Each structure stands twice: as structure tokens, then as C-alpha cells.
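Okay, here's the structure, questions in a sec.
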Amino acid sequence: MKSNVFMRHVRDSLKSLKRNGWMSVAAVSAVTVTLLLVGIFLALLLNVNRVSTQVENDVRVRVYIQKGTTKKQQAALKDQLEGLANVKKVTYRSASQELNSIVGSYGSQWAMFRGDQNPLNNIFLVDTKDAKDTISVAKRADKFKHVSEATYGGTTAKKLFRTVATIQRWGAFFTILLLFVAVFLISNTIRITILSRRDEIKVMRLVGATNAYIRWPFLLEGAWTGLFGSLLPMLIVDFGYGLVARNAHFTEAANGFSLYPNMPFLVWLDLGMALIGIVIGGLGSVVSMRRYLKA
Amino acid sequence: MIQMKNVMKQYDNGVIAIKDLSLTVDPGEFLYVIGPSGAGKSTVIKMLYHELKPTSGSIQVGKYDLATMAPSDVPYFRRNIGIVFQDFKLLPRLTVFENVAYAMQVVEAKDEDIKPRVLHVLKLVGLEQKLRRFPSELSGGEQQRVAIARAIVNAPDVVIADEPTGNLDPDTSEGIMDILERINADGTTVIMATHNREMVNERPHRLLEIAGGRLVRDEQGGSYSDEE
Amino acid sequence: MIQMKNVMKQYDNGVIAIKDLSLTVDPGEFLYVIGPSGAGKSTVIKMLYHELKPTSGSIQVGKYDLATMAPSDVPYFRRNIGIVFQDFKLLPRLTVFENVAYAMQVVEAKDEDIKPRVLHVLKLVGLEQKLRRFPSELSGGEQQRVAIARAIVNAPDVVIADEPTGNLDPDTSEGIMDILERINADGTTVIMATHNREMVNERPHRLLEIAGGRLVRDEQGGSYSDEE
Amino acid sequence: MKSNVFMRHVRDSLKSLKRNGWMSVAAVSAVTVTLLLVGIFLALLLNVNRVSTQVENDVRVRVYIQKGTTKKQQAALKDQLEGLANVKKVTYRSASQELNSIVGSYGSQWAMFRGDQNPLNNIFLVDTKDAKDTISVAKRADKFKHVSEATYGGTTAKKLFRTVATIQRWGAFFTILLLFVAVFLISNTIRITILSRRDEIKVMRLVGATNAYIRWPFLLEGAWTGLFGSLLPMLIVDFGYGLVARNAHFTEAANGFSLYPNMPFLVWLDLGMALIGIVIGGLGSVVSMRRYLKA
């Protein structure tokens, strides 16, 4: 195609978008609302997925150090633990720190064990690179010298793993559902607008236009519809996410959870929305036209 | 140039609009097609430019055999034909100028050629003042004249016009006929369905009469009022 | 019956289609409106049935003053008028029968009255064989006759027809004119824009000529060919 | 309106739906997909809300009974606790039951406290009618005789309340967003179909139809579109929810959580979807037509 013909198609598509008036407004706003929904729910689902992974990663191996172990032996044990495959971090917690957290959640009558009475051991908390490795790391640590016991939360952790897996499975399902719905609704809207213009398409055929020549402005008009329809959702999602993320920052950071940081996340989300709009708008046009380009 | 052989046309709803029609038109002829309402004039014309396919029989237009023509050839085939539709078929979202220019754009005419040519034909049909109007802002006769301008703008080999003066007053109709006869004199084949008795009688050409889907008369310089 | 006083009509795009037109039509008159394409005939007619409002001036039709008529009265006002539109305006999703019946249904006619009456008028215009067709399955002239049948089905006080024979052959046109003259003889006012010189000359009635948005002639039994 | 005229409108609306062919198919399927999304996400959001309430209700007041309290005194204390406003249920747990749960989650070195060594008290677990009352009930129980202490989980509980409140706030937001989107998309689709038929409406006006007469078939056609569009989502949601709920039953019951039982829940959900479809379809038609009923 000569470039000046292509420029004509671009001009014609914008002109047509404008002259179609309310029909264009309705199509663009259908895309807007659909992508707004997609953007907001996608931001939610992706973050639920992220946080659930973080929660899962909170499961750590507790390595109880035998009483009477010297500082040097403890340091050697720490090196040993850090040397294990899949271990990310090893943190020391003294028996009194442990007791404090029990007092915090089980009531003050535990306070009487403070000081020399403390029956608890000093422990190492071992973070694994992947939550799934917790069990195997605990098993191996259990056999080390100076270790009285190595636990990983047992049934609680297993339950957590299951719950997180369920959440992520459903998250993926809802994400796919959402994308499918968006694609369908946008292309369906485009289809209706094309349907209401089938006579125009037939006339173009009748005056000697090739299918390609007819298709281009419609394709571009669909793509513009998608593009213009994605602008407002991008703005709203960017602004809204910024707001939510800022407010969430303080409360969530305390729990060790965090949302995706604005920067690369919103760029990808925006790009995703714009792409869905443009591609489905343009493709939807072309596909919907097929039937009217036969004769 | 144009050859129809034993053409029969049955519509999807079962109506047989054309029963058995054979016809030869030589290049450069001027042909009236007359006949009562519902006789089958438009059906014949639509088959000539391949909007409709005959149920049986064959149609040859120029080098194209319409039965075997590939779908991708249809646009190129139609570029040799200028068509005035009975219901105009203007593009509602394009202005008068753009409607006529569109027919030139699709044949990949150069932008600089399009403008003067479009202005010229619009002047011929007396619409040079209404370039920027949309079809909905025109009177019936004005719309019809845009359709005529679009049909002749590419100087096609054949002009097929389905009642091109149905919405025009006698004077304007004369003007349009002058144009058609002039391009015919330059070698363009003109086929024109019409109900205009006056015109047929005053400007005699080859006359084809269709009634009930059959060719009932084909005579050079025949007159409309014969049967009265 | 009908009175237009100093009517001026300017369209939204600035075109002044009617400049200053005054006109009185008595009940039972038969009125031709002629004039070149784009003269303003359809504009006058559209104002008469209130599709368009005059920019200035007043129009009285029967007991209705169109300038002050409440929007909710418009449908009731229109029920006394049968209209044949230049572009037919059939409902594409209704069959021939349903299109004509629709005009009776909206005036709350009884179902048992509708059927025989619709069949009767469709027979008058020669379409009794095509009751179940959709408009897209009709020839141009057939569509026009459906529009005519719809206009007369309610036996209105006034029939306003905008080129009702533009797509009809001379014989069918004669038939339509016979119908219009017959209902006119029964007391119906008929106003008809037309380009059909033959008809105007052969069946003389009051003749109104519009040119460039002005009334240039108003004479009883005038003939079309005067200016030639 | 006479009833035979109304029946005519009903017939006409169905006829028109049929004759509009692909346009009707496109409109119905837009409603279908929109309501499918609404149904599935609503089922999710409502259940998230329910489960989060259940989790919250898991927060209970722990009333520690002083050592040496007699059975009779304990019984009297129980009566007293049950007499408190907002208390739903009072459950007794012995010190050894308590210890077992600690051993379960904190590791076996706690097992050495079993038997007489057990430093823990017998306790009453007090369920409140509303999780929000936990704090006030704990405060009042703290002052009763034979009570050494009454706790409600302290910061953990407060954090939980906050988290649940956040989840429910967001759940409400997403529900409203979803409903808004559904209403908009359905009415917008109807609007486009009306837009493509504005000429028809004008013709009806021109042949003397009153606005009411024109409106009825369009209203009904919109309502049919909504109704037919809601059938498939109802089926899918009913079937799918049944399936999920059945599978979830075993795993969730163990945790003390449960989804809404099929029966009244699905009826309401179906009713909701059908109503959105029918009402928005019908109203959408009427509202979209207004502009074309002026002249």
C-alpha cells in the first residue's frame, strides 16, 4: 500500500469516528467501562496473588538449639544452615524473645517463666528461597548437631500451602475469565456497530472498492475506539492505584506484605489495557466485516 | 460487450423474477429498459453488475464471465461500470464531494487528479454549490444527481442507470439525458431502466421491454406509447 | 383547511429552503406542487405534516396551529393526514401487510377491521400477491405503492404525497392517480408534489409552482409545460 | 391500555427480536457475558465477605479460671458469663486441652509440661454474638470472681478486625463497581441497538403512533433481551457453584468456614441476574429512545 493511501485511511477512519457521533461515543464508552473493570480487578487479582505468595513465604523453619550450646557452636550451626541448598536467610532469636511473643498472644500468665525459669530454647528461623522447600530444609536441619528439633509449623503450614494454592488457582481462573469477558464485550460492541453499517460496506463493494480498501478504515476506526476507550481507565487505574498503594504502604509494611510498587506494575497494566483495546477493537472490526465482504 | 444467455433468476423467497432472458449489447450502444413496476428491470441490471447472481444461464460483461469470476476480481470488474442505483446508495457519512471522490479513490486515482474531476462532474449535474452537504441534507433529486455524478466520474466503459430521472423534474432530466447521450457519443455503453415515457419517445434509442420476467420487445428506436 | 402564512424555513446548516410562502388550501381540493429539483417542494410538504417546523411564519392545518401544538398532540394531528414520503419510509422489519396495518394499529383500530381494510387498499395498489414480503424484497415501484397504500388506509382528511409516482411506470401511475382522484372526489384533500409533466397536463388540477423557495405560480388547472 | 393491545405489543416485541437477527444475537450475548461475569464474581465476593465474617467470629474471649476454683464455682461463673449481654456461647477447655494445642503449634518441647507440671489454667472460651463485642465482653468478664484474667487476643485480634474490615470494604467496593459496570454495559448495548434503529422510530412517529405506543414493543424487546441473556449465566452459575460448593465442603468445614449453602443463595443470585437483565434491558430501551421521540 502506498503511504499516502495509508494516510488517507488514517484520516478517513478518524473522520468516520467523528461523524458516527453517538454510535462512536457508545462504542468508546463500552470499551472504557470494560477496561476500567479489567484494570481494577486485574490490579486486585495480581496483588492478591502476590500477597498470598508473601504469606506463604512467611512460613519458616524453626530450628531449636539445644540448651548449653556455646556461642561458637551456634555460629557453626548457623554457617551449616546457611550452607543448605534453598536457604535464603537464617535469623537468630533468643529464648526470651520467643517467650515475649507467646506472652503477647497467649496471655500474661506466661510471664512467670521470664528469666531463668524460661523453658524455651534459643532458635534459628530459617527462610527458604521457595516456601515449598520448607519441609525438606526442616528435615535436613533436624539431623544437625546441637539441634534439639527443627519444625516447619506442621499442619498449619500445610493448610496454609493448600489455601494459598487454592487462592492462586482461583485468581488465575478469575483473571482468565475477566480477560475473556473483556475481549468478548469489546469485540461484540464493535460487531454491533459494524452490523449497523453493513449497508455502507455493501455500497463500498458496489462502487468497486477492494476488500482491503474497505477494511483498512474500519480496522483503524476499531483500533481508535479501543485506544480512546483505554485512556480513561488508564488514568483512573494509575491514579487510584497510586492512592491505594500509598495508603496501604504503612499498614501493610508492618505485616511484611507489600503491593506491587507503582512503577513497572502500572506501566504493564496500562500497556495491557491499551493493547486489549486496540487489538480487539481493530481485529473485532475486521472479523465482524468478513460476512459483508463476500459478494 | 455484454451477453446474457438464457438467464433465469429466482430470489431466495421463491419468486422467479427473470424467467428466460437472452440479450446482446454491443459496445457503444444506448439501451432503454422499460416495463411495468415489478417486471424485473432492476433484477436484470443488478445481475449485470454482479450484485445478484443468476440462478441459471450465463452472463458475460467485457472480458469477465460473471459465473466463473473470482470474488477477488469483482471490484476490478466493477470499476469498468458506473452504476446509478434506483435507491441511490450514497454513503451517508460522506459529503457530496467525498461520495463522488470515493469512487475515484478506490481505483487508486491520484489525489491531485481527483479534485478537479469530481468538481467537474458535480458541476455537470448542477451540484457545484453543495459539495460539503451530507446526503441527508439534500433533496431527493439532488441525491439522485450525486449518484449520477458518482457513476460517471471514472469515465467507465459502461454506465448502468436504474431510473436515473425518477426524482428529477423534466428540465433537470433533460440535462441528465444530455450528459448520458454525450458520454455515449464518446463510446460509453449506456443501459438505462426508465419509466419516463416522454423521454423514451423524444430521444429514441434501442428499447428493451420486460414484462413478467421476460423480454417482450427489443427494437431499435421503439417508442414507449406503442402499447397504448 | 390548510393555511400557511409568510412561512420561512432555514435548515440548521444555514440553507434557506423556503423564503416567504403563503398558501391556502380548501377542504376537498386537489393540488399539484411542481418545481425544479431542490426548489423546496419537500420542505413545504414536511412542514405541513410537522416533520419540520418553519423558522418563521404560521401554519394551520385543520384545527391545529402547528406552531403552538403540544408535542403530545402531534400523533393525533398526524392521524388525519396520510403521507407518501419521497423516500417511502417503510418499516424494514415489517412485511407489506404489517407496514400498512401498522398505520391502522396506531389509531387503535380493531383487529377485525384492520385485516379487510388493509387487504382492500393493497389490492387497490396491485400488491395483493405480496402481503408477506419485506420491503427489501420488493421492487422500487412496489415499495412506493406500499407507501401509498399506507397513506390512504385510514381514509384520512388529507393525503400528502411527495412524488408518489416517481418509481412507477405510466400505466401504474395512471392507476394511482385514479385512486387519488377517487378519494378526492369523496372529499379528501390531496396535495401532491410531482415531476410528472404528462400527468399534470392530462389531469388538470390546481397547480402550485415553487422555484428557489418561492411560490411562483398558483393557478387552477395550470399545465406543466407552460414555461417551455 | 386495552389488554389485546398489550398482547399485540408482546407479540410485536418477540417478532422484532427475531427479525433483528444478528443484532439481537449480539445484544443477547452481550447481556449473557456481562451477567456471567457478574454472577461469578458476585458469588465470589459474597462468599469472601461471608468467610471473612466467619474468620472474625473466630476471635473469642479467653477467660482464665483461677487455680483451685471448685466445679460449683466454675458452673456459677459460666452462668454469669452466659448472662452477659451479647454473649452467644460459653465453652469450657481444660488446661491440658490448652497445652495440647500449644504443643501442636509451638513444638514438642512444651510436652514436658504435661500432667501436674501444667502451668496453664482451665479456661472458658466465650463467643460473642458480634465479633465487635469481644473487647467489651472481655473487659466485663475480667472483673468477675474466680477469673484470673480475660483476654481477647490483643493486637492479633485488632489486626484481624482491621484486615477483615478492609476486605469487606473492598468487597463492597468491587460489588458496587461490578453492578455499575453491568448496568452500564447492558444499557449501553441496548442503546447502540436503538441507535441503529432510530430511523424506524422516527417513521413510527410520522405515521401517527403515540410515544407510548412506540415505546412498549421496544421496552419489551429490551426486557426479552435481558431475560434471554440471563438464562445461560443462571445455568452456568448454578451448576458451577454447586460443583465448587460440593468440593469445598470437606476442606472448608474442617477449618470451620463454609460457603453459602446452595439453596437460598443461588435463588437470590439468579433472581438478581434476571432482574438486572430484564430491568436494565427494558429501562435502557426506553431511556435510549427518548431523544428520538421528540419531534
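So that you can tell them apart, the chains are marked A, B, C and D in the order they are listed, and the count of residues begins at 1 in each.
Following the convention adopted for this analysis, a residue touches a chain if its C-beta (ideal position, glycine included) is under 8 Å from a C-beta of that chain, and two chains touch if they have at least 3 such contacts.
Predicted model only: the values in this text are computed from it and were never measured.
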By mean C-alpha coordinates, which chain is most distant from subunit A? C
Among all chain pairs, the one with the most C-beta contacts: A-D
Averaging over Cα atoms per chain, report the distance between subunit A and subunit B in Å. 61
With chain centres defined as C-alpha means, what is the inter-centre distance between subunit B and subunit C in Å? 28
Just how far, in Å, is the C-alpha centre of subunit C from the one of subunit A? 66
Please list all residues of subunit B that touch 2 or more other chains. none
In subunit D, residues with contacts to at least two other chains: none
Which of line, ring, star, complete and other names the graph you get from chains that touch? ring
State which pairs of chains touch, listing all of them. A-B, A-D, B-C, C-D
Hey, which residues of subunit A end up touching subunit B in the complex? 4-5, 8, 16, 19-20, 199-200, 203-211, 213, 294-295
What residues of subunit C sit close enough to touch subunit D in their complex? 49-51, 71-72, 74-76, 78-79, 83, 85, 89-93, 102-103, 105-108, 111, 150, 154
For a test of understanding, state which residues of subunit C touch subunit B in their complex under the given definition. 11, 13, 15, 34-38, 41-42, 86-87, 133, 137-142, 144-145, 162-163, 166-173, 195, 197-198, 224
Of all residues in subunit D, those that touch subunit A in their complex: 22-23, 26-27, 29-30, 33-34, 36-37, 40-41, 44, 62, 64, 102, 104-110, 112-113, 119-121, 148-149, 151, 153-156, 159, 162, 170, 174, 177-178, 181, 184-185, 188-189, 191-193, 195-196, 251, 255
